[in-house]
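To keep things simple, chains are lettered A, B, C, D, E, F, G, H, I, J, K and L as they appear, and every chain counts its residues starting from 1.
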Amino acid sequence: MSDHIYKKIEIVGSSPKGIEDAVNNAISRAGKTIRNMNWFEVIEVRGHLENNKVGHWQVTVKVGFTLDNGQD
Amino acid sequence: MSDHIYKKIEIVGSSPKGIEDAVNNAISRAGKTIRNMNWFEVIEVRGHLENNKVGHWQVTVKVGFTLDNGQD
Amino acid sequence: MSDHIYKKIEIVGSSPKGIEDAVNNAISRAGKTIRNMNWFEVIEVRGHLENNKVGHWQVTVKVGFTLDNGQD
Amino acid sequence: MSDHIYKKIEIVGSSPKGIEDAVNNAISRAGKTIRNMNWFEVIEVRGHLENNKVGHWQVTVKVGFTLDNGQD
Amino acid sequence: MSDHIYKKIEIVGSSPKGIEDAVNNAISRAGKTIRNMNWFEVIEVRGHLENNKVGHWQVTVKVGFTLDNGQD
Amino acid sequence: MSDHIYKKIEIVGSSPKGIEDAVNNAISRAGKTIRNMNWFEVIEVRGHLENNKVGHWQVTVKVGFTLDNGQD
Amino acid sequence: MSDHIYKKIEIVGSSPKGIEDAVNNAISRAGKTIRNMNWFEVIEVRGHLENNKVGHWQVTVKVGFTLDNGQD
Amino acid sequence: MSDHIYKKIEIVGSSPKGIEDAVNNAISRAGKTIRNMNWFEVIEVRGHLENNKVGHWQVTVKVGFTLDNGQD
Amino acid sequence: MSDHIYKKIEIVGSSPKGIEDAVNNAISRAGKTIRNMNWFEVIEVRGHLENNKVGHWQVTVKVGFTLDNGQD
Amino acid sequence: MSDHIYKKIEIVGSSPKGIEDAVNNAISRAGKTIRNMNWFEVIEVRGHLENNKVGHWQVTVKVGFTLDNGQD
Amino acid sequence: MSDHIYKKIEIVGSSPKGIEDAVNNAISRAGKTIRNMNWFEVIEVRGHLENNKVGHWQVTVKVGFTLDNGQD
Amino acid sequence: MSDHIYKKIEIVGSSPKGIEDAVNNAISRAGKTIRNMNWFEVIEVRGHLENNKVGHWQVTVKVGFTLDNGQD
């Protein structure tokens, strides 16, 4: 309809469980202060190793949200 | 043995559950009309956000299959 | 709603006018045989030179469309 | 003269008209809250298709601006 | 002259002899069902190893062809 | 027919009007001293911002031309 | 504290279950002969298809570990 | 321990002295308003030339910092 | 069958004859100390010039091999 | 010994025979006007198709040569 | 003001001291024959090793300069 | 002369001083167990931040060395 404008920010979520959970943690935290989040893109997957096992998955995502009035 | 020829096509699967399920949905749909699928490569992982949560995971895969007689 | 599956194909449109027109030519031609085209991504912009001017713009796009029943 | 510091943010502008208009929409919206914007870089060009035509061009740009006193 | 539209598909040719032969095998197979093939681009070169030697060269190429009437 | 050899050079054209005009300006200037220019490839699109608007589009292109006798 | 030196090696883990399990298999095997593994980076995700389903997920990871005395 | 969430922002530092000084200038400026900065990644190194010498080094870095309570 | 784990190493082979011969030289040398080599990927092709001719082709390949018991 | 300065130029060689021959044709032509060519890097391999066969291989190489006195 | 056209060339500077010095050597040499050099971009950093130390840093830069009358 | 074969390994050096020192630390450590190191390539530059300053520079390099008899 109208010509929407979006902003993308880059967030890194972490989780001991896996990639999906790390992404959800990042999205959940971002949602505390951002309105109208629309989509995400996975940029990088890495993690820490502890005792020969994956200790934390770390997933970098770009999050896109609508720039409505009063939000920058 | 013989010199096989393969074709790669690009499909996007989606799923509310996660990356693996989105890939399986893409493969399952592709298998309805393609024979002899051999391998896949994940090209991109992204998704839609709804109410500050991942609504759908969208995973782009390239699927490689043998070009046998009668299939193009 | 449901878990959609999409296919992406790669098309090159050309036009003497410019990038947007080359993309539209590609989309228009693709639409003759593909249903439910949803989005496109510009992959490459190049062109031929004739007499020190741009003769044709050539734009490669990926076109994504829904894999519904009866379309592969 | 002095050693300037810049910040880059990533914005997606959209327009039914074309690439330049989508960029201008993104810049115009960003300028409502950012001072001293200096340059932009086109990162991605894509768009939605409606009825076998381009419905909206979506252009992702990085915008660079000076980090002066009082702006972060 | 006119504004041509092209399609690119991705094929993997293999050969025990070398890169050029693998490409030729891919092109030859593609030509059985595609008309008006114009150009190719080498995307990836890899292969299988057997007994410490190259068993098969596997070369991925994109093949561009004209979308004329009746061919998609 | 014969085995042509080409050289590619990288030029940046600028224009206040848009991408196509910036490319045409680059090609026009290159043509003053280069013969037999054949094709171009868009490498990068960026620009300067002035007063919250695009002041100049800056487009980097690679230009390919035939290396005939007497031209290097 | 001190200036650590790390080495990165590239390993491919596979699993019929999913991406995380394939990574864990790779890390577990690497840990049999490498001490002080610190982090990993996912480089590539692909897999084999069997009977129109994912047979094995194959995930390439780079593993970083400290080069202490006596380990190369 | 806990599942940290990080944000990455992109800053360009400049300096007439060299790459390290340009990075330090960027980090120092960012630290005026950001708490808990953890790491940086060099994305691009370029600069201005004046009188056939490097006038300013311009280094783009991504800076990662912890998203704690009250900081976005 | 079982969940194989592979390691990839990067080798540069050289040859005055051509690309395939340079790859074979690299594979042959690697096979002196590595067992169960499975596949290779060509990463880079370059070479030295001597007297306006190619003196040596230098081809960088990644070689993948099975990590069986007793081999790291 | 001394601090050499090199220049890289980009040339496209073509040949009906294969990749190595196309590179040699490019190098041979460049050597007519450039002294002290040291190395080359293969950037792109593509070609024209004629009658379902490779008509010409087109290989883009970067050629590096020493900038000695009197050569630019 | 006016619509400037720039050319980019690729130069490799070397130095036993470090990255900045290698860049300066490249710029200094280029300035002997090029007027109006405006900016540079670092493309690649590598070097030779001698006796387990860096013998020479080799830095590839792209140099942009204005194409004024009489300079190509 | 002969057809040399090289191996590349990936090492991360760190230093509080700067990029060159981090590379030298990596090379120095690698030289304790590797003979005939020939060249290096900088792959990534990043680092840790402590108290709003760069605590350690971390530089990833690929190191190439000759595979002579008795060294793998």
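The definition used in the following text is that a residue touches a chain if its C-beta (ideal position, glycine included) is under 8 Å from a C-beta of that chain, and two chains touch if they have at least 3 such contacts.
All figures in this text were calculated on a predicted structure; none of them were measured in a lab.
Participant: Between chain B and chain C, which partner chains are common?
Facilitator: Shared contacts of chain B and chain C: E.
Participant: Taking touch as defined above, what minimum step count separates chain B and chain I?
Facilitator: Tracing touching chains, the least step count from chain B to chain I comes to 2.
Participant: Chains shared as neighbours by chain C and chain E?
Facilitator: Intersection of chain C and chain E contact lists gives B.
Participant: Measuring centre to centre, with centres taken as mean CA positions, what chain is farthest from chain C?
Facilitator: With centres defined by C-alpha atoms, farthest from chain C sits L.
Participant: Half is the threshold here, strictly exceeded: which of C-E, A-B or E-J has more than half of its contact pairs identical to B-C by residue number?
Facilitator: Going through C-E, A-B or E-J one by one, only C-E repeats the B-C interface.
Participant: For chain E and chain H, let me know how many angstrom lie between their CA-based centres, rounded off.
Facilitator: 44
Participant: In whole angstrom, how far does the Cα centroid of chain B sit from the Cα centroid of chain E?
Facilitator: 21
Participant: With chain centres defined as C-alpha means, what is the inter-centre distance between chain H and chain L in Å?
Facilitator: That pair's centroid distance is 24 Å.
Participant: Would you please write down the residue numbers of chain L that are in contact with two or more other chains?
Facilitator: In chain L, 9, 19, 30 touch at least two other chains.
Participant: Identify every two-chain combination in which the chains touch.
Facilitator: According to the stated criterion, the contacting chain pairs are A-B, A-D, A-G, A-H, B-C, B-E, B-G, C-D, C-E, C-F, D-F, D-H, E-I, E-J, F-J, F-K, G-I, G-L, H-K, H-L, I-J, I-L, J-K, K-L.
Participant: Show which residues of chain D lie in contact with chain A when the two form their complex.
Facilitator: 9-16, 22, 25-26, 29-30, 32-34, 56, 60
Participant: Touching residues of chain D toward chain C in the complex: what are they?
Facilitator: 18-19, 44-49, 52-54, 57
Participant: Touching chain B in the complex: which residues of chain C?
Facilitator: On the chain C side, the touching residues are 3-9, 62, 64, 67, 72.
Participant: Taking the complex as given, what residues does chain B use to touch chain G?
Facilitator: Its residues touching chain G are 19-20, 23-24, 27-28, 30-31, 37-42, 63.
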